[in-house]
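Chain nomenclature is as follows: A, B, C, D, E and F, assigned in order of appearance, with residue numbering initiated at 1 for each chain independently.
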């Protein structure tokens, strides 16, 4: 029952997988607490007609997109309950943006913490659950809608410094 | 404080959004309990080198993909906690398949219930959380990995009968 | 270690408390599955100035009250996690209404199930968590706001038949 | 997709609502970690006969009020799962007091943290869930019981300093 | 991506493990809904001095064992969140008994459902979480306490009929 | 409604139980944040035939023990949701080991935090939920399996310094 150390990330290994192939929640006890921030995106592809229905959220109590925003924020807080090897983190901020145009809903989440690990999983969880919520609302009229382009856009804080996705730098 | 009825689905409306734009958990008290099944998929696009690392799960305790499978199954049970307007359902079965080849991990979930509503949200939640878990494991070596092609493939049971995605019929 | 039976409800006893004073989740295995519905209310008393701020939810993305509605619906599903002796129930519908006027926000929830026990706890949980969410949003401007008048208004389904609160009949 | 800043609290705005009306979990990354404490109360109004039944908790295993106390403590820890825009906080202490006399149960919760935001939401959640649990136990004998007077009594720690409700100062 | 069937239980196989070694939540869609009941036990071994402290729960608000009872009942409802391949079930009753004597606390749970699978996991979860809660309360005075003898005592309902542990029949 | 202080641990009292017998989540606001670590164990006693079936996890997708490992890690994070008076802690690492040989599965969990209280409850929760998951997988072939020898082996960090169970020192 040895505590075999994970392959070091520098050598191209998977940090969550130990030398014997077993998974663990990696020890971050020695990592520094720093301010961290991550931005992720997702998109839901549907039809222009469905986008028009979603925009009827402009009625007096228009909440079609609000429910997805709130679902995303709440899901960010549940990340360690969903992703088995993810460390719990005290989130210090979360924003979820949705914009519906053409045949798609674009979703972007910004999550912040002051902690020992990054918050890219929290930002990704926020956008995917917001996207699932959009699908749930439109599935009666478009079962074939697709969630796509789920990725981390930016990450900052921690030893490794700021990072941006190449796609974004190109855009 | 009237209980304004939702726009009927037949007329192209969003079932979760009432006539005044407010959201609700739609009343399904009158729906029949039937056997239901849904299949969903997702893909994680990374690099061939990372796929090779994941396959080192073939070591004695190789669990790199098992953790994603189990995360997906557990997430299916949490769907009504994540998707705000989703009804709770007694799941009667859940399978999550992962296959890693080339530069991608393909994920497919089959979820079953005997209940009053379909289980496409549960199948979609299973594949997206499995995909998030794959991302979590590879993020130290590929922050730029993308989750894509998240869709329902098949659905059966209930009044509306069997449904298959067009993409799949074409394939 | 006897399974002492609860004091029968007919004799004026508390159903959740056994003859020896210990609590339990009472056995409802023999109860009939019927359609059930409950309506509950709550009110948050604040100031006219704060009510005006909440109504600025009429801005393009006005969501100040939507977040409370969604919190209430989600909380209804969590009732058996919160109230220790409450049975889990498959909710078949949930509506939460909020109206802000004068110096108060009035909240009303209607919850439905097809099950063996009533859903008054779910309706009460929905209105109280919606009220807590309203307080959370206004606490920066009115820490002294009060949640009050939390009660069940109506209940129907089950052996005991329909019930209405006396206050309501008077109104 | 701009990150529009929230209206500043000093100008009378709602901190959780941005300039465009959308909600977010406000950024508290810059706030200082300090010792914080909040006290909240609630009351359940029923009948003297029901209060007498609750006091039969003085039997050998009298737990009628204990279950409400424990439900309140556990609920305090669930606050960020219930209140959508509430930050997760590491609670460092929680006490829930219940006293049954006359026709009412009075509930008071004291919650502590060492963190970046106050714990008034946790204290309010504790007293409301304790009150819901009291209602759950007595509903077989008094469906018309009312939860009322739910308010924050005291708050200390953080930049804004100590605060007491006016009602309490008068009492 | 075949849905390889599980090895049949009759042939001595593990139902949750498919022919290829992967785990799944086995399909119970065809199983009959019947009344089911399971009884499980656990014991916490400590010292006579600690048992005496626990019995000071006989003070006015003596709740030392009540908290374990309530934790056990609440945990029974969380079983499918904890045990990955366990089906969600609508529990219809739960009793947890604790008796403290000599150097040990004995715990027994009886759980009931009307559903498609047995409730032995729910009964085992109830007794183990009650035992963990007892340990939590006494750990300041006896870190060396041991939880032991956790087993299913009886099970009834379902196709396989009633079952009793051999130990118990002997006792 | 006095905040009666708990009996001091030094005098042999139960820290979670106040002088009047009521339970509370004890105030740890003044405790120092230090690196902490705890190791716990559990064993599942079954038959050599069942152990052989579990080892068929050596098939291509052998996951019979992986699912228990992952369940244990996830449960460690849920400890404050399960054990009512347990403080929430930011876990910084978790390892669960399982070894199947002879007629038993031995489970050992190591949990780490940088926080104000020890993590022995988290380590115990990890091993017990892993053990429940093993039972769940084998119950179709051995309902009589027993979970036993659940104890804390080691604990370090905090004011009280390192601690080892006597059993272990003897071994």
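Observations
Convention: a residue touches a chain if its C-beta (ideal position, glycine included) is under 8 Å from a C-beta of that chain, and two chains touch if they have at least 3 such contacts.
Here the structure is a predicted model, which is why all the values come from computation and not from measurement.
Chain centres computed from CA atoms place F at the largest separation from subunit C.
The equivalent interface to A-C, defined as the listed pair sharing over half of its contact pairs by residue number with it, is B-F out of D-F, A-B or B-F.
Put simply, the C-alpha centre of subunit B and that of subunit D have 36 angstrom between them.
Averaging C-alpha coordinates per chain places the centre of subunit D 32 Å away from that of subunit E.
Each chain gets a centre from the mean of its Cα atoms; for subunit E and subunit F, those two points are 16 Å apart.
Among the residues of subunit B, those in touch with two or more other chains are 22-23, 61, 63, 66-67, 69-71, 74, 78, 81, 84-85, 90.
All chain pairs that touch, listed by label, are A-B, A-C, A-D, A-F, B-C, B-E, B-F, C-D, C-E, D-E, D-F, E-F. Listed in rising order, the residues of subunit E touching subunit B in the complex are 1, 3, 22-29, 31, 80-81, 84-85, 87-90, 115-116.
Interface residues of subunit C facing subunit D in the complex, by the touch rule stated above, are 9, 12-18, 20-23, 42, 49, 53-54, 56-64, 66-67, 70-71, 74-75, 78, 81-86, 120-121, 124-125, 128-129, 131-133, 135-141, 143-152, 155, 163, 165-167. Touching subunit F in their complex are the following residues of subunit D: 35, 66, 69-70, 73-74, 76-78, 90-97, 99, 106, 108, 110, 112-114.
Across the complex, subunit B meets subunit F through its residues 61, 63, 65-67, 69-71, 74.
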